[in-house]
Structure formats: C-alpha cells, structure tokens
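There are structures below to look over.
The following pair of complexes shares a single chain, subunit A, combined with subunit B in the former and subunit C in the latter.
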Partner chain A sequence: MLPEVILAALILLVTFTFIVTRQLGAAVSTYAVQSWLLGGVSIALFADSHLIQLLLFGLLTIAVKGIAVPQILRRRSSFALAGRRETVYFVRFPTALLIGAGLTLIGFIVATRIPYPHQLLPESVLGIALAVLLLGLFTTTARRDAILQVGGLLAAENGLLLVGLVLAPGLSLLIEFAIVLDVLIAVLVMGFLVARMHQEVSTTDTSELTRLRG
Partner chain B sequence: MINTTLLLLLLAVPLLAALGSVAVSQDRIRYALVLPSSFITFALALTLIARVLSGGPIRALGDWLYLDDLNAVVLLVVMFVSSLAGAYSIAYFRSPQQGHVLRSGELRKYFSLFHLFTLTMVLATVSGNLALLWTAVTATTFASAPLVDFYGSREPLEAAWKFLVLAVAGELIALLGFLLLYASGIALLGSTYNFSVPVLGAAGAHLSPTLAGLGFMLVLVGFGTKAGLAPMHTWLPDAHSQAPAPVCAMLSGAELNCAMLAIIRVLSLATPSAGHRAIDLHAALLGFGLLSMIVGVVFLVSQRNFKRLLAYSSVEQMGLIAAGFGIGAPLAVVGALLQMLTHSLAKSLMFFNSGNLLLRFRTTTMAEVRGVIRVAPATAVLVILGALAIAGAPPFGLFVSEFSIVRGALGQPNWGAGAIIAALLLVGFIALVAPFSRMTFGEGDGTAPSASPGSELGVGVLAPGFALLAAVLLLGFWVPGPLHSLLIGASRVVNR
Partner chain C sequence: MALFRSHVLAAAVGQVVAILTVVGFSPLLKGVIENLKAKVQSRQGPSVLQPYYDLRKLLGKERTVTGNVSFLFRVAPYVVFATPVAFAMLIPVLTAMPLSWALMADMVGSGFVIGIGGFFGNLAAMDSGSPYGGLGSSRSRFVSSLAEPTFIVVFFAVGFISGGTVPFAVNGALFTSSSHIVPSHALVAAAFLMVVLAEAGRLPLDNPNSSQELSMIESSRLFEFSGPDQALMEWGGFMKLFVLLIVWLNVLVLPLGLADAITVPALLVAILTLSAKMLGAAVLLVGIESTLAKIRILRVPEYLGGSFVLAFLGLVLYTVGR
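For the complex of A and B:
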C-alpha cells in the first residue's frame, strides 16, 4: 500500500509545476514525469493484487503517455518551446498559488465525502487524484498559453485515471485502452491546432485570439 | 448473427468512406463517394431500427454494441442530418459562387473528417458499453474541431480552439461521472463487471444511489458542455458560426444530440436507484434546460450575424430538450424526443440556408442582406419557411413537439416551468422570425449585390433544403406509425 501512496503523493507534487512554472518546456516534461508516476502506481498495484490488467495498463500508460505523447508535443511545439520562456497568467501569480492550494484542499475534502466501495487504494489517494484533476483544469483556465492549456487538460486526465485506479481498478483493459487512445488522438488534434495558431498569429498566447464576441 | 453483421457494417461504411477519401488522389472520386456512403449507411440504420421495432433491443459483441429505441431515435437524427449535409457539401463546394478558393488537399481533409465525424456519431448511438459511449462522444470533438477550422483564418481557429479546450474539459468531468457510475455497481456486481447499458439497466434499483446520482450530475455538467447547455455553452456560438455551413448543420443538428443522448442514458440508469431523490436529478436537468433557454433567447435578441443567431437558437433548443426530459412527464419526454428530430431537421435547413445566403451575398451580417425574395425567390422561400419552422410556427413539426413539451409541463403539479417555457418560446419566436423576414422581404439599402434576374442559386444547394422542409412540414401533420412506436419505446427507456 505504501509505495502506491508515495507515488501518488509525488504525482500531486509534480502537478504543482504546472502552477508555478515559467517555462513552456517544463509543461511537457512535467506531464511525462506525471505519466511515469501514474504507470508506477498501476504497476505497484499489480504487485499487490496480481490483477494482470493493472500491469498492462501501467505499461500502456508509460509507453503512450510517458513517451509517445510528450514526443508529439515537443515536435509539434518546438518553435514555441525554443522561442519563448516567460508565460503569463490570466490571474496574478500569488493568487494562482493560493487557488491551487485551495483546490487541493477541496479535492481531499470531497474525497472523504464520497461513499465509494473501498478497493485497493486508501481514501488519501482519491483526494490526491481529485486534487490533480482540479489543478489540471485550473491550469487550463488560468494559463494563457495554448501549450500550457493542453498540459493542464492532460494533467487533469492523469488525475482522472488515478481516480479510476481508486474507484474501479477492475475496469477492463479494453476500456482503459480506449481512454488512452482518446488521449493520443486529442494530442494529435491539439498539436495540429497549436501549430496552426503559431502559423496564424506567430505565438501560442491565446490572448491573441479574442475576436469573437457576443 | 445478422444483427451483429448489420451493426458492424453500419460502422464499416463510413470508415471505408473516410479511408477512401484519404487514399484517392482525385477530388472527383471523393465527391462520388459521399452519396453512396450515406445512402448505404442510412439504409443499414433504417433496417436496424426496423429490427429493433419488431424484435426489441439488439445486443451484440458482449454488449459493446447495443441498439434500443432511445439509441435508435438519435441514430435516425444523425443519419438524416449527415446524409443531407453530405449532399449539400458536394453542391456547396462545387458551387460557382463559392468565394473561398479551395486549395489542394482541402477537400481530402474535409471529406475524410466528414466521414469520420459521421462514424463517431453513429458509434455513439450504437454504443452499449458506457465507456465506449464516452469514448465515441469524445471522439466526435476530435473529428469536428478541425472541421470548424476549415477556412483556416484567425476567427475559425479561435472558435476551434475554444471548442476543443472546453469540450475536452467537459468530457473529463463526464468521465469522472462515468467512473462513479461504475463504482455504483461494484457492491452488487463485483469489482470487475461488464459496464454496459443492459447490465446496469438490469441492476436497476440496486445501484448505490449516492454514487449513481453524483455520477449523473457530473455527466450532466460535463456532457452538458458539449450539448450546449448554459452556462457552459460559451464555445457554441463561435464554433457553430465559423464552420462551413454543412458542418454547422452536423454540429447543431447531430453532435449536440449525441451528447444529450449520453446524458439521458445515464439519467435513465441512475433514476431507478435514486428513489425519492430522483426528483433532484430531474430538477437539475430542468434547471440547466431553463437557464439555457433564457440565455439562448436573450442572446437571440442582440445578434447581428445570422449564423450566430442560429447558434444561439441551438442553445435555446437544447435547453428546451433538456427541460422536456427534466420535466419527466411522459408527454413532455415524448415531445423532447420528437424535438430532437424536428429541431435537427429545421436547424440543418437553416444552416444550409445560411450557406446559400453566404454564397449569394458574401456576408453573414444580417443588415447587409435585404430583399432576398426579389433576388433569389427559391432561396427566399426556404429562408422564410425555414425560419418559421425553427421558430415553432404551426403547421411545422417543431410546433407539435414544443406543444407536447409545454402541454406535458403544464399538466404537472408544478406548472410554473411550463409557463416559463411557453413564454420563452414566444419571445424566441419573434427574435428568430423578425430578422429573417427583414432579410427576405426588406427594402433597405443593404450593401448586397444589386438584384439581378437569373441569379438564383443552383439546384444542388437548394434541393437538400427542400427535402428537409418537406420532412419537417410532414412531421407537423403526421408522425408515421413506426416513428410513433419508436418515440413511445424510447420514452419508456427514459422513464423506467
């Protein structure tokens, strides 16, 4: 039980990088690390429970989300990663940090209120998972840069898969495969639009895209 | 098993059409693929629906695929819209008035994504496994977002980005809902079970009510974003106004209904276990529905662009459909199901009209389009009758479905919702018909090209509109027997 909890805690810690980082490249690396840790949780769970789908899911996560997706993101956004370092918030930095802490707290409180059938992982991991989901969604709404917005969504998705490991570790591998495949396609489409954005407005700062009103 | 084969063929045809559109080198062949593909898919869909009507729900491949009356209604909607949008696309891109000069490869992108978009929506309507349903609804976003960006300038890109980010965020919230729904069955079915509609349906009242209810709420918020429910609708007016006209028809007419299908499906699975709390689930749906109607109507009044006007009308109409299901009275539910069909037909017609007006006047600004009736009479007939149809005037189909919803709502002990809906529909009626009648009949000094005889548009871009007009008019007088049984059957699935 302990290794899983430690790995999960590391996922939460790593997710805060999305809140504090000033480098676009960090978003991609953070996501890769987060995915490796998630795969690690699943593999550690396999060691405890001997459910073979957990091992396969762990390996699938590492292969697709730890290796392939970061690769695609780096290639698609190489222009932006090389060019710009500073990224801007819609809200001020200390405020963002405070909101992040608040969302983490909310995640843990909500986790204690959900009467779920306890499976392999303790409640604290559900709290972590919900916090990661909320932090990811917050990153997407609070960051102006398209690459960080994508990073936020992907981080949120990792949080959700962790929720899945807590609530439904027996979910069939086919289903998890479908979800991971979905992420891969999402990244391809988003990468395509990020590249289009760079071509259209020479930046990935979405505050350049505010012509549609009303 | 013949049903399994038919279901697989239903998915295979659009997939092959998509692959074909990627593979072939000539646009001529790409055009030629569209009609046979939609015709075969439509025929397969109708065959399957007929088999559902005669033999009950179809279960295939270990419940990964499933077609019951509720799925069948939305499948019918998707195929209607997709087939006609396919036919319209051909005429639209070939039209001599087409202002956008097609670059090489653009049609390859367009038609391959078009078929994929159809495929993902068909898959959503035949999914039996709930995770597959989530995946299919999510995949509709990925197929359609690049289509929103088809014209490849700044505004469509902005619209596509907003759509993608908000839709994906919503889909993640919905996934959390589906995970909770899965957890709600663990106590009864064990930690590894077949997460499918028939299995959870059979479990009925024995699911964990708190988890199932919470799951529904999250699916409502998450997929409500995709279904265009306020206050999560903010992407919709942009995406549905920037895409090419046939894509707009698919987005408004078909895709929104797929998201709504997923919401209603989870509602139907979560309600039996909820007991006296079921009223809360319905109230949430009704609340989102009414709010969407209010937002839709308020923004209808202030629009200057007719495509945005139609997009806000979709917010209003999806709100009405949600409210109909939320009211839960049998008559209102049947009305909401019929509304899914009639709204899709009329909205596709109006988006085809918007494409025709754009072809003829090169603008989507309402004030610049005047006196269509003198310039292009056939186009004008479609515009004004379509506007009356979408606004819900008798004798069109939307009048029947809207009347059923309002009638069902007024029959409830809490008749207030019915009164609000009726009032909003009335304001919406004026806000929709007035601008289109000014565009059709107005004198004005619009900057549009001067009226010249013989400048009517080609029959290709008008015919799909006339087909839709005929269908929506027919539904106003007569709901065919099989469709009637289908709607009743679907309403029983919703109100288990």
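For the complex of A and C:
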C-alpha cells in the first residue's frame, strides 16, 4: 500500500510544479511526469491486487498520456515555444499558488466527507486525487495560454482517473480503454484548435481574444 | 557504573566519528558535484579531490587582512567553520540513537546554531568595507529571512507529526506511522529541500560557479578573505551544505542504514550508506543545477513563498486527514 501512497504524494507535488511553471515546454514535461506517476500507481496497485486490468491500464496510461500526448502537445505548440517561452496567469503567481493551496485543502476536506469504501487505496489518496482534479481545473481557467489550458484539462483528467482508481479500482478495461483513447482524440482536436487560433491571431494567449469578428 | 562510563565513552567516540565524517567528507561532496556537473556539460571536469587540494593550498598561504577591520573579521572564519561542526553533533549523522551531546538543542536550537555562522559571515563581509561584501551580505540576509518561515513551519509540521522536535527523536516517526502522513511528509520534504538549496547558496537562487560579482550572493562575501581564513570560510560552506543535506536525507527522506550501536562495523556501514545517499543527493543537485536557470533576485520571494506554501500545506493536510 505504501508505494502507491508515495507515488500519489509525488503526483500532488508534480501538480504543484505544473501550476507554478512559467515555461510552456517545462509544463508539458511536468504533465508527462504526472502521467508516468499515475501509471506507476496503477501498476503498483496491480502488484498488490493482481487485477490484470490495472496493469494494462497503467501501461496504457504511460504509453498514451506519458509519451504520445506530450509529444503531440510539443509538436502543436512548437510555434508558440519558439516565439515566447514564458506564460502568465490572469492572477499573479503567488496568488495562484495560494489559491492552489486552498483548493488542495478543499480537496482533502471533501475527501473526508465522501462515504469511503475501504478499497485498495487509503483515504489520503482520495484527497490527493480530488486536489489534483481541482488544481487542473484551476489551471484551465486561470492560465492565459491556450496550450496550458489544454494541459490543465489533461492534468485534471489525470486527477479524475486517480479518483477512479481509489473508488473503483479495476473498472472494466473497456471503459478505461475508451477514456484513454478519448484523451488522445481530444488532444488532437484541441491541438488543432490551438494551431488554428495561432494561425488567425498569431498568438496562443487567450487574453487577446476580446473582439468578435464577423 | 563501569558500564555507564563505557557507554559515555562509546557515545563520545560515536560523536567524534560523526564530526570527522562531516569535516572530512564535505569537500568530497563539493568535488563530486563539480565533477558530475562538468561531465553533464561534456567537459572532463576537475578531479573529485580538487577541493582538498584547494584547501591545502589556501591553508599553506599567509594571511592577509586589510588594516581597517575589527576583530570580527578575524573571528568570523572560525565561527563559520565551527557552527556546522556544532550542528553535526545535534543531528543523526551516523547513529540512529541520540548521542550524549545531541540533546543540547532541538531543531529550532540547531537552526539558531547554523544561523550564527551566516550572521558572522555577513558581519565580517560588511566589516571589510568592500562594496561586494555588503551586497552579498544584504542579499544573503534577504534570502535567509525569507527562508526562515519555511524552516519554522517545517519544524512545526515535523514536530506535530512525530510529537517531538529533537532531530533524533523525529527520525523514525515519519516512517513508522500510518499512510495518511505520506502526503504531508512529501510536501514537507520538498519544501525543506527548496530552503536547503536557498540556504546553501545553490542554483535556483545563487550560482556557486558564477564569476560575475554583481550576480553573486554567497561567494561575494568571501572576497576579502585570504589564505587560511578563506580556507575556513569555504570549508564551512561545504560543511553547511553537507549537514543540511544530512538533515534532509537522514531525517526527512531516507533514515535507513544508520548505526544502532557504536561498533566499528556498524559505523563503517553507516558511513558507507551515508556516502551512497550523498552520491544520490549529488546526482539530484547536479540534475537541478543543470536544468534550472538562476532565478532573478526579485523572484526569490516567489520561490521561497512557494516552499512556505508547501510546508504549510503539509502541516494542514496532516490535521485534515486525521
């Protein structure tokens, strides 16, 4: 049980790194690390419970979200990475960090209220999972850059999968397959939209999108 | 009575071995870091023993002191050298059980001990009247005062979780308890590493290899020292990084392999495991220093504020999870 909890705690740390990273490329790498850790949790759970779908899910997560999706994001965002490396929030960084701490706290408090089926993972992992979900959603809403908004959504989705691992480990493999492939499609579509946005307004900074043009 | 006496003797021997380990191996850590860093940059790099050669060279030179300094300038190198040595008595360097002098101070007290060295270093740097010395001490105070809240909250969190603030007593408590302290533990350990890097003048805040005076923090305080004084100041700096990393490794991250008794094989095993852990820490430091750029001085509050938030969150999550 302990390796899973340690990996989950590392996921929380990595998500905080994701929140405070200024560079686009570093943020994408952070997301990749988060996905590897999530896959690691799943594989460690397989070692405990011998549910074969957990192993497959872990490997799938690492392959698709740890390798393929970051690669797509990097390729899609290469034009933005070349021109401008740092991004900002709508709020200042220290404020973002404080909001992140508050959201983590909310995640942990909510986790104590959820009727908790004593499954394979302890309750603190549920708190981490909800915190990661909230932190990802916060990034999506507060980051200015469209690429990182996509990244925030993906990070939130990792948190959601961790919630799934806590509450219903060994869900049907079919469903997990569908989720992971959905992410792949979603990233392709969103990457296309970001590229399109860059083509039209030559930036991926969403704060520039204030005028409606016919 | 005879047993008691031999116990005291054994504790004293253990303590001396621990101090000699810190004094003797800290330049090696510096040498290993420099060598690995050069390897990462595709250079051959200096020998891992280079810091020892430098220290020997400096100790053999004559001492030159400007005329307009007070006694502080002469005293400071000894204080800077002595404080990490005193600190080494208070933390679990090689042994898991507290030795006879270890209960002189808890974590807050040992924080004060390490602070005295920085204080004297700053006073001496300003004493010489060199503009770079003043700049360096002002900046290093700036960094240290911002790192202070994180240190305090880390001590609070660790003391809260383990029910004590003596580093030896804390040692096992973070690891033997239930899994709900793991998130807090990870956050506190990360926060502590961030402030250790800040305190020891390592890369995200201060480039130890910098040759530009205006961007220096720690090294600009050493400009006016020469000969044995400079050797003591530099050696004190190596030891400071070494003991802070020992606290991080042996108290917060991996307390494995500490000696349970003062016997020759147990102490040898402890020294070997410590070397292995230090090698791991050196690789980590090289990784950090090769991937991160030095952050602007005005962003230092963001970095240390981040470490504070992590430590505070570690403290709060522990209470929520209970």
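Keep in mind that, in the parts below, the second predicted complex is superposed on the first by the 211 of 214 C-alpha atoms of A that agree within 3 Å, B and C clash if a C-alpha of one lies under 4 Å from a C-alpha of the other, contacts with A are read in each partner's own complex, and residues count from 1 in each chain.
The rule is short, and it goes like this: a residue touches a chain if its C-beta (ideal position, glycine included) is under 8 Å from a C-beta of that chain, and two chains touch if they have at least 3 such contacts.
The model shown is predicted, which means the values in this text are computed figures rather than measured ones.
Model built by superposing both complexes on subunit A: subunit B and subunit C fit together without a clash. Touch criterion not met for A:42: it reaches neither subunit B nor subunit C. Of note, the Cα-centre angle with subunit A at its vertex and subunit B and subunit C at its ends comes out at 160 degrees, rounded to the nearest 10. Of the two partner chains, subunit C is the only one touched by A:124; subunit B is not.
Contacts of A:21 after superposition on the shared chain: neither subunit B nor subunit C is touched. Touch criterion met: A:112 reaches subunit C, while subunit B stays clear of it.
Judged by the touch definition given at the top, the superposed model places A:9 against subunit C, while subunit B stays out of reach. Residue contacts after overlaying the shared chain place A:104 against subunit C, while subunit B stays out of touching range. Look at A:197: by the touch rule set out above, it reaches subunit B but stays clear of subunit C.
In the superposed model, more residues of subunit A are touched by B than by the other of subunit B and subunit C. Put simply, the nearest alpha carbons of subunit B and subunit C end up 20 Å apart when the two models share chain A.
Overlaid on A, the two complexes show subunit B and subunit C touching no common residue of subunit A.
Those residues of subunit C lying in contact with subunit A across their complex are 178-180, 182-183, 185-187, 190, 301-302, 305-306, 309-310, 312-313, 316-317, 320-321. The residues of subunit A lying in touch with subunit C in their complex are 1-2, 5-6, 8-10, 12-13, 16, 20, 93-94, 97-98, 100-101, 104-105, 108-109, 112, 122-124, 127-128. Taken together, the subunit B residues at the contact with subunit A in this complex read 129, 131-132, 134-135, 138-139, 142, 145-146, 149, 152-155, 157-162, 164-165, 168-169, 172, 175-176, 179-180, 182-183, 186-187, 190-193, 195, 208, 210-211, 214, 237-238, 242, 299, 302-303, 308. Subunit A makes touch with subunit B in their complex at residues 114-117, 119, 133, 137, 140, 146, 149, 153, 156-157, 160, 163-164, 167-172, 175, 178-179, 181-182, 185-186, 189-190, 192-193, 196-197, 200-201, 206, 209-212, 214.
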